[in-house]
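Got a structure here, written out as structure tokens. Questions coming.
Chain lettering (A, B, C and D) follows the sequence in which the chains are written, and residue indices restart at 1 in each chain.
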């Protein structure tokens, strides 16, 4: 299928971007609201480290976090690539920009996996 | 234009005894390096469109003004211009809706300007051809009667077949502005119109072309194309749908290569 | 003076201003939506840091908490929250429409209706996650 | 001067031009086809057609019935061999368009739907909502992109035909973008330039409908046929002339005078019924309905508005659902241009110039008396429309005869078309270039504004060649046109540049219109009878003894056009009375 071979692999990235977009939309706001704003302000209770560790030791939590964070990285990487091109008007530099963004997302993926797989 | 003559004999209705100032972009390619604006004062009439005002200028004030128009009923797609910074069909933009003025009228954004309000269209004509906007039959089947197509099957693509090629969506799409080789909303919507037609078998062919550089993936869903479209074609929707179709197709090809017909 | 040759008129090709996204409000909205990706990435890193601190024991966790309570960081997070919430709203308005169109072949269902289930699910998901985060479960 | 050379050249990229081009590409693989159009093809006026195209579709309908409707609709001035050919071909053409992707409206079972139309006994009008012309044109244009043998000269304005030894061999055209003047040679030329509505003050026609092709042919020596037959459409919006499609009446709309009375019953068009009856009342033919509305104007039973008298077209009883699904464009246009919602208010309408039955004289093959010159579409007169065209026969005509003219042009060049003497042709082209330069581009002085002359021409045409005509006003118009032509020599050109000079094209169009207007006035003056769209107050009866024939207007060296007559082809339907709204 010579014709198909010429096709871009954008669909793969796009699916990652789309799934990530959904996950970020659904879950990031509440995480940021509580962990990033209300708990530091002391307006809602903050559980202690022990509680959090038990939570983290639960495989379901880890699966949740792995999916959420990995897709979030790819969502951000994919979108950032287009944003940089659009905002700076540098579509000609698409390839290097894509490389940087996707390497970032890949790094995020590795870090996430390492962090979650090596929980004691 | 004949309307002005009939107006003169017509009595009170429509005439508001007021005037409005048009600031019209002028670019004379034999003299100028960039456009400037000329002001014209024209009657403000409640039943005039912006196009009627331009015709008044051409007929009575300056015959050298260049712009395109034909049907004056929003269907031929020639009269698109920037009216106060927004792409509009001038034949269906009421003059009173932009009163009291001054009204800025310019050529459609992002396009090469040929003269005054006239833009370059040939590039777009090339893009049209590129998306293969005709029924492709791999089986060469020609039924004796019509192809059966239910109203529901017609509904699937009908909206995308309503494009009048007025170019307003291109003038609204910054991606096109940044990269003129982007196939762009109207042409991509047209491709999807044929992909979705139950009589067509050319989707794979089109997708091979349009999933490459400058095709559907260059659209970053800015969505303004759909906002300005006078025919409610919703090209943005068409492109996103196309992305889904192309993605399904991609997964089929790579994950189930044996599944290819 | 441009070089005019008979039959080869000069043309004028406008250039996009580098600040084009300030030209019109819809473009600015688009840029805000796209910029949310920076904040999404930022927050994903913060969450990694949080996980790391939890693993490293109570002291590390406390340090992380301390860092979070820096007012500047709180403001930064609040801004991130706004951007990500804006992303969520635009996403929920657009994506279901595309899917409805894809499933039914027409845009017969009004946008608000198509988006409604998402907003419902969003609230439920937020409550569940929220309960875990405040230690209620 | 740049010259290029092709096998066959179309002037015009509307429905007729595109259909011809595709027919040639299919009939003659490897042909070198050129299409010259003053606007991009999809801007052509075919795009505005709303209602539909008639072709026998159902099992309860027959070709013969459509023939009879068309013959009687034409008031027996249509050529019956052409009409029979037309009625046989049109279903095939419409099907072909279906196969090319035209989104025809459908029945629930997926078959093509048809609707009733004025002057037709059966439902046989194929339609694509109320944007039929738009969909047909875009389907044809998009399909034409498939054929690489079609080379387009978009936005090229043809100013003259090149002839040698009695055969047409090409054209001179201005490339609007650059102002370059080109000689484009071809072994055969097909004129597909559409109508001439802009000769009249109130018209449904677009800005580009200025009768260019008719004038080009006329100047080159081809006669124009039946030019007195100008169709008025009964329902145009008063100010803009924008058309409210006949489909609005076919779906059940009523025409009411100021007393809310369905006045058509007073004009021998049948009895009012709540639902539409074919060939009756609001579904009568256009000439008779327009004349009836004019009758109401004269009796003082119409409304008076700023743009003259008008009557009401009432759609309210159809209900919002039907209006939205069957007539969306009517609603859209009313809201936009009149600020009226037809769901709640009646629409003000008046008869407006709409269509030209006459045109370049051709035989049934689309060939004119000039060798190598063909014509098709509204610019041509084959004639199937005679003294009155039935709504929805024009879109069909441009398909059927566009294709036929194309195929015959292929045959003509296959049989060894004369090559013509290139140096003669180039000399003519150089002459034309010289004329364009001295008379327009480099012309200094001049005092007459184009718009003024145009308005005066339009007024005199309405006065002389409106719905009703008589000798005195026709003579007055003829004299006025002579005066206008003299003043035209003293025209003022504001724009002397080459790039996209629409001031120049406006002037050239005005010149074309003045020539064609003259043929209309003189054909009307000489036809001393009333038939179809041509109603003489001084000769109120149809006169088959003297005038069962086509008028042919040819250019004479000096003075007004020469008018001659050609018998109508009668095969199976001898002249009879036109009866609407009652049995016959």
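Going forward, a residue touches a chain if its C-beta (ideal position, glycine included) is under 8 Å from a C-beta of that chain, and two chains touch if they have at least 3 such contacts.
All values reported here derive from a predicted model rather than from experimental measurement.
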> Quick check: more C-beta contact pairs in A-C or C-D?
Replying inline: A-C
> What is the distance in Å between the mean C-alpha positions of chain A and chain C?
Replying inline: 12
> Can you give the whole-Å distance between the Cα centres of chain C and chain D?
Replying inline: 56
>> Could you work out how far the Cα centre of chain A sits from that of chain B, in whole Å?
In response: 38
> Can you give the whole-Å distance between the Cα centres of chain B and chain C?
Replying inline: 30
> Using the touch rule from the top of the page, what residues of chain C touch 2 or more other chains?
Replying inline: 9, 16, 20-21, 34
> Mind pulling the chain D residues that touch 2 or more other chains?
Replying inline: 498-499
> What residues in chain B touch two or more of the other chains?
Replying inline: 29-30, 114-115, 153, 174, 178, 220
> Which pairs of chains touch each other?
Replying inline: A-B, A-C, B-C, B-D, C-D
> For the complex, which residues does chain C have touching chain B?
Replying inline: 1-2, 4, 9-14, 16, 20-21, 23-24, 26-27, 30, 34, 94, 97-98, 101-102, 105-107
> Can you list the chain D residues touching chain B in their complex?
Replying inline: 39-40, 42-45, 47-48, 95, 98-101, 103-112, 131, 134-135, 138, 142-143, 145-146, 154, 177, 198, 200-203, 206-208, 239-240, 242-243, 305-308, 332-333, 336-337, 449-451, 454-455, 458-459, 492-495, 497-503, 506
>> Using the touch definition from the top, list the residues of chain A that touch chain C in their complex.
In response: 18, 20-22, 24-37, 39-41, 44-53, 55-56, 65, 69, 72-73, 75-77, 79-80, 82-83, 86-89, 104, 108, 111-112, 115-116, 118-120
> Which residues, counting only chain B, touch chain D once they are in their complex?
Replying inline: 1-6, 10-14, 28-30, 47, 58-60, 62-64, 66-78, 92, 114-116, 118, 121-122, 125, 128-129, 132-135, 142-143, 145-151, 153-154, 157-158, 161-162, 164-165, 190, 194, 197, 199-200
> Taking the complex as given, what residues does chain B use to touch chain C?
Replying inline: 27, 29-35, 85, 109-115, 120, 152-153, 155-156, 159, 174, 177-178, 196, 220-224, 227, 234, 237, 240-241, 244
